[in-house]
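Data first, discussion second: the structure below is written as structure tokens.
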Amino acid sequence: MIKSAQLDSDARRGLSQISLPLAFSVLLLAAPLAILLAMSFWTQDFLTLDRTFTLANFKETWTSPIYRTLMLRSLKISIIVTVLTVGLAYPAAYYMSFVAPNNRKAMLVFLITIPFWTSYLMRIFLWKVILGFNGVVNGSLIGLGFIDTPLDWISYNQFAVIITLSHAWLPFAVLPIFVVMEKVNRSYLEAAQDLGDTPFQRFRRITLPLSMPGVVAATLIVFIPTIGDYVTPKLVGGPDGLMIANMIEIQFKNANNAPLGAALALSALLLVSSVAGIFVWLNRRYLKAEGAA
Amino acid sequence: MRAVLTKKRQAGLCRTMIKLSNIEKYYGTYHALRDVNCHINEGEFFSLLGPSGSGKTTLLRTIAGFEEIDSGTVMIGGQSMVGVPPNMRPTNMVFQSYAIFPHMSVAQNVAYGLRSQRLNKAKTAEMVRESLGKVGLAGYGERAAHALSGGQRQRVALARALILKPKVLLLDEPLSALDRKLREQMQSELRRLQRSLGITFVLVTHDQEEALTMSDRVAVMFEGQIAQLDSPQALYKRPASKRVAEFFGAMNILKADILEVKGDIATTRIEGLGVANLAFNPQPGADASSHYCAGVRPELMTILDDGAMAYDKETPATVTDVEYRGELTYYDVKFEGSDTPVVVSMRNTSNRELREIGQQVRIGWESASAVLLLD
Amino acid sequence: MLRTMKRTTTAIAVAAMPTLAAAQELIVLDWSGFEDPGFIGAYIKEHGGPPNYSFFGEEEEAFQKLRAGFEVDVAHPCSQSVSKWQLAGLIEPLDTSRIDRWDDVNEVKEAFVIDGDYYMLPTDWGTTSLVYRTDLVNASKMDSLQAFLDPEFAGRVSLPNNVDDVYALGLLATGVIDWSDVTQEQFEAASAWLRQAHPNVVTYWADNAELAQLMTTGEVSLAWAWNETPTTLIGEGIPVAINREAAEGSSSWFCGYVNVVDGPNSEDLMYDFLNAWMEPATTDYIVDAWGYGSGNQTQMASLGSEVLDSVGLGEVSAPVLVQGPLDNQMREQMIVEFEKIKAGF
Amino acid sequence: MSRRVLTMFMIIFVIFLYAPTLLLPIFAFNDSSIISFPLSGFTLNWLKSLGAAEELRKAAGTSLIIASVSSIIATMLGLLATSATVRYQFPGKGFAIGAIMLPMFLPEIIIGVSLLTVVLLAGFKLSIYTIIMGHVLICTPFCIAILRSSFQQLDPSLEEASLDLGESRINTFRRVTLPLIMPGVVSSLLIGFTISLDEFVIAFFLSGTEPTLPVYIWSQLRFPQRIPSVMALGTLLLILSVVLLTLSELLRRRSARRLDQKATSGAL
């Protein structure tokens, strides 16, 4: 009936609790962000920064076809990876929370994170072995007589980037969904069934809306960092798999054009935040509609 | 024990356990508590009654220490509670949701608050057993919390609070989640428990019947204010305002004009009933411009049989509707010169016949049973 | 064991006394793997143990880290970084009189002279050349770099994901052998050539392990590769051949140690370290165990052409584009252009 | 969805997760420095070479320490931030949470270079502490994303009940809040651990002379003499973690049996 928040002492408590993590972030991150922002309005000639204000970097970012192509490609790959990852993670989390016996849950959580304790570089090498020319997939397909010559569309392209990235982010998507599902009060499910829902209706009307916060968290956890990944496209992307982060990376390093890199990074940040924002908004609407129905 | 307290109270000796003075509380611009003042006595069963949103839970949580007030003081046992956090207050609470810790057994829940007392295991177990026994859950200690029924959860919540021997037990609508039968059973159990322990109970409820049956005194709250604070009987008989009156069962409300006030007697003209002298004590917040009306409970009026026993007042009326309800019959009647239907309830006795619609009757009533209500 | 314990104590002491600890241990910023004691046997013998290493994966990252103020005594970049690092004020001249075998040092050292001072001691080098699977491509077509453009090899070609090696190829293929004064037209011709080659490329290899993987499976049958890769592959029995004498030629690269300004430790230690690298024993070891050339020219020559040819380091008659220092503006253009080419623009 | 379908899905899911990792041992014992089929033969050389690869082993140790400490600190900061934002209203809340979540949005190279500048300006020497600092910064947003949902679904009256029963705020957190959000906390620790263990860019910029395993491995890209040794090391670490997991599971079962207690309440 009455919310316990909104109080002076609570406000103080909230502030004091957040002060430590906030101070940590601000102290360490204020500089990077300020530098990034300032730099995006400057220009660089080899090693010399020209601190005259200009919008040229943003103009180049938003008009040059190469950046637009890379930006859209990154967005596309990130969205596919996110959908794939969250789509696969959801039933897995569902299994862990609703099907697996209680005393197995902890073990399952560890089980799905352990493979990710080996270096990413090693995993990429091994992915290439799996997807590669004489790799596990092709070898099996040839061995089974499905194909005669190795498929070459499964490595060194966007497909390989998508597979590798989805795999890498799976545990990060499973965990948030699992955590939320663990909190779903089991009596709601019984209530729904009691009120005449079929298992599927019950899933759609109770489990899914209640686990939505986890899906949102998982989506953001996968989507946001994926667009910034430059290692995977560099190592498995081949010529058509490069993403915007590769370009940002190059501008900051080899190309000695940090200002353009900053403008690209900020634009990518803007793009990611808007897409993430739209997603969160759509989700709210969905939950509202679900609640009203 | 209770008898002693009652005597003390009669002698004006009972001690104040909780004193709330000038309490104001805002949520942003919403004025949640408006100048709340009241005393709650030691050993008293005190209820805060009101519709939802009236501020009763806020007031309870203010006593417990969960809400910070914007001005005013809370004293418990003679000590100011300013800056005293909930865990340091001599109060314990039974939450509306019961707040049973789901990861603990019943015994662990009950023993929860004992930890700071650093008792040995045997002593703790003994106290838990005793406390569970008091609430009728002997032998339930090893049950998992989530395996309990609603009534059992409530008992665990009680046992968990009572084991700490608080000076004040706060109950936030503890019975609202229970079914009717269980609720009635728990009402009497709570009452019995309170009597046997002698602890001050403060109960929040929106159910007037619950408040009337259980409490020594009830504070009726509307919109963040205490509208009336009195014993259940007085509240029923002498509600101070139309709102309070309507909150407690049926009351016939008729327009009234005060013609003259002499001391505590007001000569009043009541719609349809004529002029009568009614008891008058000005309500706080009322002034010369305040409007009043008169209220009479249906059971305090009678349809007079021919030549029946004398009533202070008699007024002719016409029956407009009859509703037979077994034990009672409700009649809607209209007085001459009034359009307001008035309900009269009559006990059905073996020799009493039902009246018919359209029949002319005489209504007997006492001027003492009519009350002046602030409009 | 004692060393390990000492290191551990140092690590703890670092927390307590940030500036005092590790005062007299040389700090080397290097590629990982170069902490191999075989390279600096003399130093270890003299000082009882190896120096402290800090590792980097890309020169540009090392550059950024040094620029941000990370203090080391000596670093290990490759030839193209020297002038950039010097311009950024990160490195200072070497005192050649303190390098015992200075006269034996490969003459490429002259390429690292800026304003009369020597800035890098070349210590390790290799070659980049045409490498192919003998069982998968027709050897007769492998005598020209134009093979990379042949549609027959579409999807079977891998080029380095490394601007220097790639432009060395582009320039060689368009007839430039010395890139020290490459003109804008030559650069554009090389870019156009690389753009033409791009559709044939299945991927730009990032490292030897990756290329070795690709060539072993046969996904790549033709590559522009470091000499180390074919050496490894041949050692594993994979049918590959190296052609350093393609008509247009091949390339060579150099890496070495530079003297970082404001190194926290004594320069004596640094010169001991550099001298250890110039020991003949180091040369023998690096050629034998790693398949790289050594900066000690004299000792390299003494190994004999048979040994050197077997690891792809021997003398060749075709032109060699030495990846010496390159005009910084030009290199920057190459970097930007290469990114565009890779992205298909 | 029927249980059998879900169980089948889970089995395939786990196989997919382990797909690349299962090849790890193969190449750790394959007698070739090239990570590729066909296999050339069995060897223990790579495993033996670990004995000599002192830097590699040290790097692995450093990484484990950094990952453990970072995940614990990041989870603690995440708990503070989450509890503040989920429970309380206070001015500047949006800004605060935005600032804390920001590292998730910024390119790592930016974070790396500028952290290095900040750290050096502040007069710190690069060490495992500076890496921990950087990793805490980037792990905290992930921890918050996980912990947030845990907190959101926690009934606030449970904590109030504890306070009301006389426990202090800290003990309330320990006895009531923490056990109830345990699945979230464990997941947060695991995510922090996993991210830190595999993070390269920030670790590179903030490492002094004690590299982490990813820094070491990534910097070997150009001269990959020891990739199979790294595979051998990965195999050992994998086996170690599986053994530890099995061991703890066995221990848990035994103690559960001894206490004759069926694990009743929520997961972890």
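Each chain gets a letter, A, B, C and D, in the order it is written, and its residues are counted from 1.
The working rule: contacts are C-beta pairs under 8 Å (C-beta built on N, C-alpha and C of every residue); 3 or more make two chains touch, one makes a residue touch a chain.
Treat the numbers as computed from the prediction; the structure is a model and nothing was measured.
Between A-D and C-D, more C-beta contact pairs are found at A-D. Of all chains, the one whose mean C-alpha position sits at the greatest distance from that of chain B is C.
Centroid to centroid, with C-alpha atoms defining each point, chain A and chain D lie 17 Å apart. Spacing of chain A relative to chain B, judged by their CA centroids, is 56 angstrom. Averaged Cα coordinates give chain B a centre that lies 89 Å from the centre of chain C. A separation of 35 Å divides the Cα centre of chain C from that of chain D. Multi-chain contact residues of chain B (touching two or more other chains) are listed as 66. Residues of chain A in contact with at least two other chains: 4, 6, 10, 125, 128-129, 132, 134-135, 252-253. Along chain D, residues 35-37, 109, 113, 117, 160, 200, 217-218, 221, 227, 264-266 each make contact with two or more other chains.
Those residues of chain B lying in contact with chain D across their complex are 64-66, 85-88, 91-93, 95-97, 99, 101-103, 112-113, 115-116, 144, 146, 157, 160-161, 164. Across the complex, chain D meets chain B through its residues 155, 157-158, 160-169, 171-172, 175-176, 179-180, 264-266. Chain D contributes residues 1, 3, 6-7, 9-10, 13-14, 16-21, 23-24, 27, 35-38, 77-78, 80-81, 83-85, 87-93, 96-97, 99-100, 102-111, 113-115, 117-118, 133-134, 136-137, 140, 142, 145-146, 148-150, 152-154, 156, 160, 183-184, 186-187, 190-191, 193-194, 197-198, 200, 213-214, 217-218, 221, 227, 230-231, 234, 237-238, 241-242, 245, 249, 252-253, 256, 263-268 to its touches with chain A in the complex.
By the touch rule above, chain A contacts chain C in their complex via residues 46-47, 65-66, 69-70, 125, 128-129, 132-135, 150, 152, 155-156, 234-235, 237-240, 242, 246-247, 250, 252-257. On the chain D side of its complex with chain C, the touching residues are 32-37, 40, 55, 109, 112-113, 116-117, 120-121, 123-129, 200, 204-205, 207-211, 215-227.
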